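You will see subunit A twice below: alongside subunit B first, and alongside subunit C after that.
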Partner chain A sequence: MRHVRIDRWSRGESYFHTLHAAAKLVAALTLLLCIATLSVRSLVCCAVYLMVLTVSVKAARLPVGRVLLSASAVLPFAVCFAIITALSGEPDRAAMLLIRGYLSSLTALLLISTTPMPDLLAGLEWLRAPRFLVQVMQFLYRYLLVLIEEAGAMRDAAESRAGSVRSLAVRQAAGAAGVLFVRSWGRAQAIHRAMMARGFEGHIPRFREFPLQRSDVAFTLVAAALTVGFRTVLA
Partner chain B sequence: MHIPDGFLSTRVWGTMDVVAAPAVALLAKRAQREFDHHKVPLMGVMGAFIFAAQMINFPVGNGTSGHLVGAALLAYTLGPAAASIVMTAILATQALIFQDGGLLALGTNIFNMAIAGVWLGYLPFAMLRGGKAGVFLGGMLSLLVSASLALTELLASGVPIPPAILALSGALFVVSAVIEGAITLAVVQALERMQPGVLRQPKGLNSRTGLVLGATSAALAAAGIFVASTRPDGIESLAQRTGIWSRVTTVFRAPMADYQTTLAITPWLGRSLAGLAGLALVYVVCLVISRMLVASRPPLSAAATPREGV
Partner chain C sequence: MEVKSLSYTYEDGTAALREVDFELEAGKTVALLGANGSGKTTFALHLNGILRATSGTVSVDGLEMNDRNLREIRRRVGLVFQDSDNQLFMPTVLEDVAFGPLASGASPGDAAEKAHTALAKVGMGHKAGKAPWHLSAGEKKRVAIAGILAGDPRLLVLDEPTTFLDPPGQRGLADLLDSLPQAKLLITHDVPFARRLTGEAVFFQEGRIAAKTSIAAIVQEFGW
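So, the complex of A and B:
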């Protein structure tokens, strides 16, 4: 699965990996904001951003080619609207939609490839995202692959009995979804009971401190200044 | 329909972020109250269920297949407030780890799918007291509303969409909405056979609060987009209108004044700083509102995924 690879990337030890998640989030949002407000004829600025992002990917010791390729996951949607825009006689704008979409996707990918999900959630919480929501996200992330594997196992079981599940009827598919639902629900309740038995009090205890260093603040300031600076001078 | 970054104009995503953030905080509080916070694992696992359930293909005819979107199903089983929070968690996870939908556009996607999609999907279910028709209509409406909102926002952002393509997408939306309704109904019926009573039966129109909430946020969003599109810059004018702008500029007068005098050659800089300040302002407003709404606990600065689960 694609995410497993990104998850592995995020456990690296480069400079980018050791930064505080909140610092990286703010820097990424600043860059996203600058990208989102780029006007149609600012190709130089786009090129500079692409270069900066590529260099950052390289500096984070990630496989540059595969990261650049992964970021194109946004392209199907982008191409669809770019074609519509181009057909309405605005080819410049269409190209800009594609470029902006790709650069934004690359920015988000750099963030997630250098930040393990638990740290990222801690960063969100540091930025005061509703804690209840962050906790739901923690559980969602924790059980995402578990349940996807469970669904895969159910499909394997069905295939070994019925030959192929390509031809499932609506009723059978609904039954499969229902079984998955009931199993997920049961698992959730077992998890909940197990956590209660261990003294769960409604929030997950912290295992380690995660203080914001002065160098993290410095990184955010420099990154934001550079991003806004490029945007100002070049666009 | 997850809108990526780079497609919406600043005024649209800015407005939607402003609308969505306090709404999520409010819903988080409501879900916490009616669903006690000890049920956090249940909500998280049901979010993961939605991801997994999307692997199951439903035959749609002509050899094509569709899959469950699930906003309405979550609303029926967890209640609408909890369902909104689970959908928000799903959308944030999709944006963060699958690059499915943008980060700046997250507020927009949350509004479309986790707020409007969930609550308007819940409405027929609540009004028809959970009958077959209510289940079907709810699934249908949730998808139709989310998709139409996304299209409207793209239009409002100035993406030129010719009428023919608009009509085509409208037709496609209706077809997918009917499919979502049918899949939701089929899954609900299968569930009722396997585990009777899994649906939370709506207590009449107890969802009045929900209605008020839905209508308010819809009106807010509409008004926001309207105001923003008649003004030069959404966030900037919002900030000016509320009067907080003058205070912000007083606080930051020194640096801002410097920039504007020395680098006045680029009018963009003024606007971009105003935009950044506006974003910071939005963040502070959301923070304050959330603080007021959500019972505060000492902030948890670090949290790891629970490895001690089952």
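So, the complex of A and C:
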């Protein structure tokens, strides 16, 4: 079984890992909202947020370097928009776009690296997020793992014959990508059949309740107050 | 279970089943043998309404397969798929096993109790909180079976149950299945495994039942 790295991180042991998912979700959403509304001259506030997030990553006993690097995965997308913004004569706004993108990515990464997906989904349900949305997320996650598994199996098969997937021509790689989606589609259909065989009629019933502790409420209040406080004072 | 003149043709025109007649009494175990593509899995998918007959009838405990009886038939016929990864779709083992009872209207408390009981039956109680995709192949198979047992079915249909299992896993599975009181339909290529659980078999050939006899006779007659 190919484990997803973030999934493995999420099952670690730290204060952050023990918190209720809903508490972490509210704290993360508050931070994301503050980041999204920062003006172009809020560099000090950005630096403080980056410091707080880095310290939190360390406190969560996650590998700081790898987490900070992983958070940059969104930058290629943000860079496209930043270039367009810079070319339109707003370099400050372009830089801020990149900074906001990176900080948001780091926030989301910290959340999912300290909360196993089942707990995160339960936290969303606890917050009364639309159940349809939660179910879509659940299946997205499940099928993402299916896609990763299928891609891994195909990569192994290709490497065993071609030596390295890097040696595949663009045309072969495109063909392989097509096959990957067809295989994943087949797998998804098989999963759907198995669900129907066990009585699935388009709705997954709620299974359990997650009680919120006082310490979770305290965390949420302190985190939200600090986040908004920094935003108000420094930005 | 009673199947009469069951025929099924896939959308591409492939006739997968032709006039199949079959009966299975309560508590009995029968092996379904036959080459790849002979119609065994297609037949199994008809037994709990995943596929619906082009012609002919399927009935379980006197309930004919139709939209009105579908939910009850799916509760009574538990289908264990060949690839357990396809069957385990909930975030944790406990939630996955509890899915069937919840879907059939049990309260969360009852569903959890049934799930714990089923997990204990297959020796997987200690894995209740784990994510299913973190289990070994043998453990996944056991959890998949627990997911079916939690619905308290009267018939278990197992499609290639020994796939991906090592010899100790296969022996453990045979012991587990042998201890279950339900009627069982074993779709398998693994004759020694089938022999551990039953002496009776039907042989599928090109969508038809070519023989209903003992496993030994099928091995001899068809060189299986």
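Observations, loosely collected:
The criterion applied here is as follows: the second predicted complex is superposed on the first by the 158 of 235 C-alpha atoms of A that agree within 3 Å, B and C clash if a C-alpha of one lies under 4 Å from a C-alpha of the other, contacts with A are read in each partner's own complex, and residues count from 1 in each chain.
As a convention for this text, contacts are C-beta pairs under 8 Å (C-beta built on N, C-alpha and C of every residue); 3 or more make two chains touch, one makes a residue touch a chain.
Worth saying up front: this structure is predicted, and the values here are computed from it rather than measured.
In the superposition on chain A, A:T232 makes contact with subunit B only, while subunit C stays out of contact range.
Once the two complexes are overlaid on the shared chain, A:A223 sits clear of subunit B and of subunit C alike. In the overlay built on the shared chain, the residue A:R198 is in contact with subunit B and with subunit C. When the two complexes are superposed, the chain touching more residues of subunit A, out of subunit B and subunit C, is B.
Of the two partner chains, subunit B is the only one that A:L109 touches; subunit C does not reach it. Of the two partner chains placed by superposition, only subunit B is touched by A:I35; subunit C is not. Applying the stated contact rule after C-alpha superposition, one finds that A:V182 touches subunit B and leaves subunit C untouched.
Touch criterion not met for A:C45: it reaches neither subunit B nor subunit C. Looking at the shared chain after the overlay, A:P118 reaches both subunit B and subunit C. Look at A:L19: by the touch rule set out above, it reaches neither subunit B nor subunit C. The residues of subunit A shared by its contacts with subunit B and with subunit C are 3, 7, 117-118, 121, 138-139, 142, 146, 187, 190-191, 194-196, 198, 200, 204, 206-208. On the side of subunit A, the complex with subunit C involves touching residues 1, 3, 7, 116-118, 121, 138-139, 142, 145-146, 149, 187, 190-191, 193-201, 204-208.
Those residues of subunit C that touch subunit A in the complex are listed here as 45, 48, 50, 71, 74-75, 79, 81, 83, 85-87, 89-92, 95, 98-100, 102-104, 108, 111-112, 131, 133-135, 147-148, 151. Across the interface of their complex, subunit B is touched by residues 2-3, 6-7, 28-30, 32-37, 70-71, 73-74, 77-78, 81, 84-85, 87-88, 90, 93, 97, 99-101, 103-105, 108-109, 111-112, 117-118, 120-122, 125-126, 128, 130-144, 146-148, 150-152, 155, 165-171, 173-182, 184-185, 187-192, 194-196, 198, 200, 202-204, 206-211, 228, 231-232, 235 of subunit A. Taken in their complex, subunit B has these residues touching subunit A: 2-8, 10, 13, 24-25, 28-29, 31-32, 37-49, 51-53, 55-59, 68, 77, 85-86, 88-90, 92-93, 95-100, 102-104, 154, 159-162, 165, 182-183, 186-187, 189-191, 193-195, 198, 263, 266, 268-269, 272, 275-276, 279, 287, 290-291, 294, 297, 299-306, 308-310.
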